[in-house]
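Each of the two complexes below includes chain A, the first together with chain B, the second together with chain C.
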Partner chain A sequence: MNPPALAPTDALLDLRNLSKRYGTFTALDGVTLSVEGGQVFGLLGPNGAGKTTLLRILATLLRPTGGTAAVAGLDVTRQPDAVRQHIGVVNGGMGLPARLTGREILHSFAGFYGLSREQAEQRIAELDAALDLGRTLDTRAGEYSTGMRQKVTIARAVIQDPAVLILDEAASGLDIFARRALLDWVAAARRPGRLTLYSTHVMSEVEEVCDRVAVLHGGRLLAEGTQLELLARTGAQTLEQAFFRLVEQDGAAHAS
Partner chain B sequence: MRPEFVWRVAARDLLSTLRDTRTLLGTVLIPLILIPALMLGMPLLLGQFIGGQAQEKQKVGVIGTLPPALQAELERGSSSQGMTLSGVELVPLEVDTPEAARQAVQAEEVDAVIRVTSPLPQQEGDAPAAVQVFAKLNSLAAQTGALGKVEAAIENYNQALAARRLEAAGLSEDDLSPVTLDPQDAATAQEASSGQLAFLIPLLMLNFILSGAMATALDSTAGEKERGTLESLLVSPVRRAEVVAGKLLATALSALVAALFSVLGFLGTGLIAGALLLRGGMQAELSQAFGGQLTLGGGSFSGLLLSAVGAAVLISALLIALSIYARSYKEAQTYVTPLSLLIVVPALFLQFNDGFSAAFYAVPLFGSMLSVMDAVTGTLKWPQLWLSLGANLLAALLLGALALRSFSREEVIFRN
Partner chain C sequence: MSALHVAWAVAAKDLRLAGRTRDALLATAFYVALVLLVQGFALGAPDGRSAGATANLAAGAVWTALTLASAVAAGRAFSAESEAGALEQLLLYPAPPAAIYLGKLLGVLLPLLLIAAVTLPTGLLLFGALGAGQPLPWPGLLGVLLLGIFGLSAATTFYASLTVNLRAREALLPALAFPLLVPLVIATVRITSVLLTGGWTDEALSWAGFLLAFDLGTVVLAAWLFGYAVEG
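Coming up: the complex of A and B.
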């Protein structure tokens, strides 16, 4: 489902001085960022960097306390219902209704996106081929293994083929096989007109699947670019080194 | 608000509830089993116990000398309300003090002791005298057994002596009661058949509505938060108001199913009670008193159902508004468990049903109880019923608005 009234080169994500405060605590501090579709965009940062807060604002679950955020050309604060038509969200803490089968879960969400029963069946067949859903479709979610649960969670998030796919620590808690399958799928799901936001604190995942990366720390955006651009900017050999140098530079800048 | 989205949310929650065997049993089977057990089980057991005591020949110790006629009265069996009452076995005791009499009862050597301290009158003109009876006065076994039979025998003996004395004076027993009372029941057939304890019906029905609603409400709010499925629903295009309305619909439907099965339970109880009444006896009388003979006409049934709808919607809204605050299903249970007091305490006042003005029907929930009571007793008042329904729906609307506000608040949704 492509967002309306967007040129192919328009940014699918547009943040202007975005902030979120909880009392005196600042979770996001004036983040400005513009990202086009057709890529997997990494959000890299340690726990507490503000990644989840940012993604929850994009998913319309939290309201920013300052600045603006637009997803697929739609303002998250003023047009939350329209934004939700164009996003799919997977995070590590998301579960599935234990007493429903995979097919029932997918059908119910397809209905939420306005797909007819026939369209939903066709889409489920496509997702079955892409994700190898197999017997998960007719098994109740309460009986799933971790890998099965992850497949259906992803299928649920992309049932309407969203323009913006938000993956927040989606690989956390997965075993090695399920994690491998997720990373392969994220790489294969890259297509023109889709932006996949991949949030993680694991460097190797970013190195493997992300085209561009934004480094967040303490709620601030420290840098953004391709991995090579970040290495060149910091003079580092690895992304991990680059990350630590960016954090040091940020600390020094704030100390002075 | 888009009705098809509301229904999709409700259908998802209902399907989940339907597949929960424990909830299903609690909603469908328990009312069908528990209501007859509560309404009829106690009278049946009580009736059986009382009947057993009546037929059993208890041992009664005797200290002193009983007049032969009184002795014969005590030992003779009698027949009352189709039930055979056995006499008692008189056992002479070789003791004389009150302490010894008490000890004999407490040691269960005898069921009661009659202690004669002065000669008892045997014929008209003899001086009156007191006789002591030792028994466990608060014991149902004593009241319906030895003590009851001794009291009845002495009463009969007194009547016989009094009758002879009146006869000697040229009078009859009727001269002692020139005016006799003949009470006539002015209640409708439905009021009469609903029994003295009909106020229990709204109490039980609303409790089943509460328990039927509880599982769905808690599972679809706090349970969804705990499992992480609420977040996936909230990032879909379904609007918050549609989420709340869908969950309210699913919860209210679950509650109504419980209410419907509780009505079936009452009607089934009525059938069994009807069969018992045909058999007669103590058990029939008791089941009648317990209001087990519920019969409903079309109007009463509609009134009962409308009252149940009002109560179900209000209770559902209350449960959802409360349980969305909880971090987990268990925490939600601690929030909502005290709600049963909202039903039990007002239900106690239903015993004074005749004293409630129309204004009481405007009290949310209590108005429904009054209407249920009216429907059961065949005294349904439609204006009052609409008033109670309106009050419940208005209260449910306010609670629904509170729930909607909670579903839109970050600190509530992410309070896990």
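Coming up: the complex of A and C.
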């Protein structure tokens, strides 16, 4: 499903002064960011940094209290239904119907995006090859291991080949094999005109799969760039060091 | 992709799930049978009752059972989604919330119609309103069945979406829905009773008009508010 009227080099994500407040608590504080397709873009930050709030706004599950956000050229507040056509979301809160097989679940979701039965079957075969769905397709979800569950959850999220794939702590809880398979798939899924947003608090995952990284802390965007740019900017040797220096600089700036 | 396609896709998924598990269908059917049986014992044999009283009792018993069953069916439709942790997925379907509501409504309506199609003749037979010699207006009864079950499904589906995230949802769903369903229950009971005794009279027609308006009002309002309800 191609994004509407966007060139491959256009930004698939465009945030302008995006904010979200709950009463007096600020979960997201004036984030401005523009991200092009053809890459895996990391959102890095500790728990409570605002990553999930940002991703839920992009997924049209939350309304911002300030600023604007556009996904694939579509405004998340004014065109939520159209945005949902062009995104896939994987997060910890999305289960699978226990009594349906992987194939039935994927066919159901293909139906939501207007794929015919033949198109869906072809897409499932592509995803089987890419994600090694194997016996998950003909096994009921209630009998899945965590790794099998994650594979089908990802296949479900990309069934319509979305312009923007949102992975929120997608490797959380996976065993070492399932995590390896996920990271390999994310790295291989990089394509022009498609963007993967990879949100995590695990530095090694970002180092391995992300082309560019945004560092969030306390709802603020502290820095954005390639890993080399972040290292150069902070004078750090590792991404973890860079992260701590950015947080210290932010703390000092706010204290003064 | 039109909203109606998404609505049908949601309904197809729910119906496939209902067909696979059958627990919602069995739980609802069992509930209806139990309510009819209890009422049958409570009200006793129809000997000596006038035709009008028999028709009133039978209509009241059948629609009481179906009203209670509609809450069970709608509650199960959403709790299955909630138990699978898939409720948030509803909000990510690429269609307006109204389309998703219509899909969920169809997923509740069709199994409930199946149950109602068995309950109505069974209830009428059990309470002595069937086979008393007079011809029964089956097309009229079918019409009131469709209108009544549609209204019950429309209202309980909406209230089930409202209460699905609450801990006391089983208690809150009927507590919220039933007061608002009173006009619908009165209308269905009156039409059924009038149809059983006198056919399509002016009274039956006016109640049918009211029922139609109630159904339309409920479905329009629920479709409009559904997005707010599931967002919590």
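Methods note: the second predicted complex is superposed on the first by the 256 of 256 C-alpha atoms of A that agree within 3 Å, B and C clash if a C-alpha of one lies under 4 Å from a C-alpha of the other, contacts with A are read in each partner's own complex, and residues count from 1 in each chain.
By our rule, contacts are C-beta pairs under 8 Å (C-beta built on N, C-alpha and C of every residue); 3 or more make two chains touch, one makes a residue touch a chain.
Fair warning: this is a prediction, and the values are worked out from it, not measured in the lab.
Student: What does the overlay on chain A give for chain B and chain C, a clash or a fit?
Tutor: With chain A aligned, chain B runs into chain C, so clash.
Student: Kindly classify A:Ala171 by the partners it touches after superposition: chain B alone (first), chain C alone (second), both, or neither?
Tutor: neither
Student: Looking at the overlay, does A:Leu100 come into contact with chain B only (first), chain C only (second), both, or neither?
Tutor: A:Leu100: touches chain B and chain C.
Student: Comparing chain C with chain B, which touches more residues belonging to chain A?
Tutor: B
Student: Contacts for A:Ser108 in the overlay, against chain B (first) and chain C (second): which applies, first, second, both or neither?
Tutor: A:Ser108: touches chain B and chain C.
Student: Go through the superposed model and pick first if A:Ala59 touches only chain B, second if only chain C, both, or neither.
Tutor: both
Student: Classify the contacts of A:Ala155 with the two partner chains as first (chain B alone), second (chain C alone), both, or neither.
Tutor: neither
Student: Looking at chain B, which part out of 5-13, 59-67, 131-139 or 149-157 clashes with chain C after superposition?
Tutor: 5-13
Student: Does any part of chain A touch chain B in one structure and chain C in the other, and if so which residues?
Tutor: The answer is residues 59-61, 81, 84-85, 87, 89, 93-100, 104, 108, 111-114 of chain A.
Student: Quick one: in the complex, what on chain B touches chain A?
Tutor: Checking each residue of chain B against chain A gives 4-5, 8, 11-12, 15-16, 19-20, 224, 227-229, 231-232, 234-239, 410, 413-414.
Student: Taking the complex as given, what residues does chain A use to touch chain C?
Tutor: 59-61, 81-82, 84-85, 87, 89, 93-100, 104, 108, 111-114, 141
Student: For chain C, which residues are in contact with chain A within the complex?
Tutor: 1, 5-6, 8-10, 12-13, 16-17, 20-21, 80-81, 83-86, 88-89, 91-96, 231
Student: Write out the stretch or stretches of chain A touching chain B in their complex.
Tutor: 59-63, 81, 84-85, 87, 89, 91, 93-100, 104, 108-109, 111-114, 140, 153, 156-157
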